[in-house]
Amino acid sequence: MKLTNILDIEGLTFRYPEAPKEAVSHFDLHVPEGEIVVLAGPSGCGKSTLLRTVNGLIPHMYSGDYSGEVKVAGASVKGTDMRDLSQRVGFLFQNPENQIFMFTVERDVAFGLENIGVPREEMRGRVDEALRLLGIASLAQRAPHELSDGQKQRVALAGVLAMRPRLVILDEPTSLLDPKTAGDLVALVAGLRKELGTTFVVVEHRIDLLVKVADRLVVMSEGKKVLEGTPRDVLFGEEAESYGVATPSVTKLQKMLAHDGLATGGALLSPAELARELEERQR
Amino acid sequence: MIEFQDVTFVHQNGVKALDGVTLKIESGETVALVGENGAGKTTLVKHVTGLLKPASGRVLVDGQDTKATSTARLSRKVGVAFQNPDHQLFSESVEEEMSFALRNFGFPPEVVRNRVAWGLELFGLEEYRKSSPLVLSGGEKKRLTLACILAWDPDVVILDEPTVGQDSLQKERLAGTIKLLKSAEKTVVVVSHDIEFLWPIQPRVVVMKAGKVVGDGPAPRIMQDEALLASARVAQPQLVEFHRSLSSKPLEPFADALEARRWVEGAFRP
Amino acid sequence: MMWLSGGFVFRRGDSVYHRLDPRVKLLISALMFVTTLLVRSVYELLIVIAFMVAVAAVATVLRRVGRTMALTASFSAIIFLINLAFTRNLESSFLYAIRFVAIVVSTSLFFITTSPDELEQVMKTFRLPRDVVFAFVTAVRFIPVMMLDTIQIMDAQKSRGLELEKGNVFRRVRNMIPVLIPLVVNSVVRSGELAEAMESRAYGAVPRPTSLVQYRASFRDRAVAVAAVAIFAVAAYSFYYVLPVQFP
């Protein structure tokens, strides 16, 4: 049986006012519930624009030429109020500084819930749950601006999750983080998908962080979708690199070795796995 | 030559961002400065041109104490491109933006013109010559800030997180530029979290943690020191991890995928 | 700049005073403020200032308040000279100058001990529109962020050979342009990003948003409020009828 889609984008085209060309052009994407989808592509190709059309910032906050259809859980984004959308779709932005509003962590996590008028007792429970999910319960009373970037990004994500969205979109959430902290965030995303069944659409340049957890890799170029498939299929293809998708170096190696007949190309291997496979094959 | 002698620095809010740093960078060296968020890398960089002055200890640039001279003077020798391009772009056009520093340093007009043309070409920004820097994409802005620095041909080039927001093609180009600077015997210091970007350049690696230098040496040695990397929360390059996982292997880890392939071909071809 | 950050930007603290209900802190500051306007002699004013210093000591912000006083005193010197030039009255000029310091300190005491979240609470009790409250609180929250931006912009431009302290007044003003433009651009970008993040978290979804925490004045808060009013009453009474000490 086919799973229902949480996100359907059909023939979406958008042009900012007075822009010379379309930022997103004839774009199609269908995401079944519970997937982690990674969106990649060169800088300026329209990734952030696409994300804005998913939670309704476009067309509700931005004007411009809009055609095609975006549906979240079957409901048209264009026909749904931003306020309702924000309860279905969570948006985590790149810069943690600019998405934290309050002066204590727990109040910031509660921000969205206050806005939709959740009663205090229920709110308390949901805030505590979100803090626990992200492992920041001990920070509840701290001031967010005194935290590290990685911790801030967790606070912001907790605020997004407290709204219990079924779909969460992340726009380069790790670009200011060191690799270990970024890795922690990615592990968290994978854990949440498992625990809550949340769907994630992630824009990320550092593909190496995500190849292990992503179900699908979508590559964009000049507003169009140019490649789509499992990370393995896309990265093993000929074209990915020409679109500026960073193939992790061990994947590059695996690809070359598979081409030479020295390794299999069935699934993406980690450095240790590749080494083991080579040695097992020799025996 | 850049020399830090037991430098300590405390920010206004009481954070001790540098804690007894002693470090010597010879001219012509290529150095990568790595370490987790908040380790003190940017603070260290700001000391080189005297934007910050040590609370104790000394910073010497070509033998001169940064306390005894001005940032403008030091900047003529040491070009620093900071993390966030939006913190410096202000001109009406890309061309103007690039000539700003050149004029500040008193270059004659025809030299300014030549240098600007050279920089625009090197970073593929010619088509934007007359555009406002503010309309460029994030990646383009970043490249423009690098072009601005290289234009006045400083002896030392310091790049703080140059790869943020860059796709892999642009990163490759950037790595090429760094190698070019290396062959021109410039001193290059790259601050970056992007270990995969740094590794093929094979720089000297300086590891920082909580305001201290906790590791310093050639890339292969530092990147194979797992205890050090773990304690400083620095990731290991994938090819080093691959090398480590092999039971019989060459002495040195592979600098890039091609080198690894060549070795595997020899060792595993039946 | 330093005056602003030292004197008006909240920093977390955990004294008895910090833990008071924000409305009580506002009351205390307001009463002190009014008292400084009531007094008619330098002598009285010094008593009021001594009281403020005592409050600052309880709030464990003595150092910060001391620094603010010192910095404000330099403005005060100007006020003093101008006043003296116009009125030729030593005592009244002196009174104006010191009063300025006292006003700044009374206001500063409120701001440096009250977090933006508490400020929001205070503004809500005055039934100000939510947009106004939110804009204000956000502005307060972003003051330190903007100051950091300014430093980073100045550093970046100095690294490109900009010399801020060079030349005559006009030259110096012109030298600020490379700092001001990025500062404005950054603020605009920042507010755009903030607006997107707010929309994405349902800002304005219902006319009456709820609140996670409820500030309720405790017995202690009430007692302190009553005490503050009583002290004020005594002070006002004595300044008017008992104490008016004049300069010889």
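Letters A, B and C mark the chains in the order given here, with residues in each chain numbered from 1 onward.
Operating definition for what follows: contacts are C-beta pairs under 8 Å (C-beta built on N, C-alpha and C of every residue); 3 or more make two chains touch, one makes a residue touch a chain.
All values derive from a computational prediction rather than experimental measurement.
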By the document's touch definition, which label belongs to this structure's chain graph: line, ring, star, complete, or other? complete
Between A-B and B-C, the pair with more C-beta contacts: A-B
Would you mind pulling out the distance in Å between where the CA atoms of subunit B average out and where those of subunit C do? 41
Quick one: report the Å distance separating subunit A from subunit B, using the average Cα coordinate of each chain. 29
Interface residues, subunit A side, partner subunit B - complex: 41-44, 148-150, 172, 175-183, 205-206, 208, 241, 244-250, 252-253, 256-257, 260, 262, 270-272, 274-276, 278-279, 281-282
Can you list the residues on subunit C that touch subunit A in the complex? 12, 115-117, 134, 137-138, 141, 144-145, 190, 193-206, 208-214
Quick check on the complex: what are the subunit A residues that touch subunit C? 52, 55, 57, 60-61, 82-83, 86-87, 89-91, 93, 95, 97-99, 101-104, 106-107, 110-120, 123-124, 127, 143, 145-146, 159-160, 163
Contact footprint of subunit C on subunit B as seen in their complex: 46, 49, 51, 70-72, 75-76, 79-80, 82, 84, 86-90, 100-101, 104-105, 134, 148-149, 152
Would you pull the subunit B residues touching subunit A in the complex into a rising list? 35-38, 137-140, 164-171, 193-196, 199, 233-235, 237-239, 241-242, 244-247, 256-258, 260-261, 264-265, 268-270
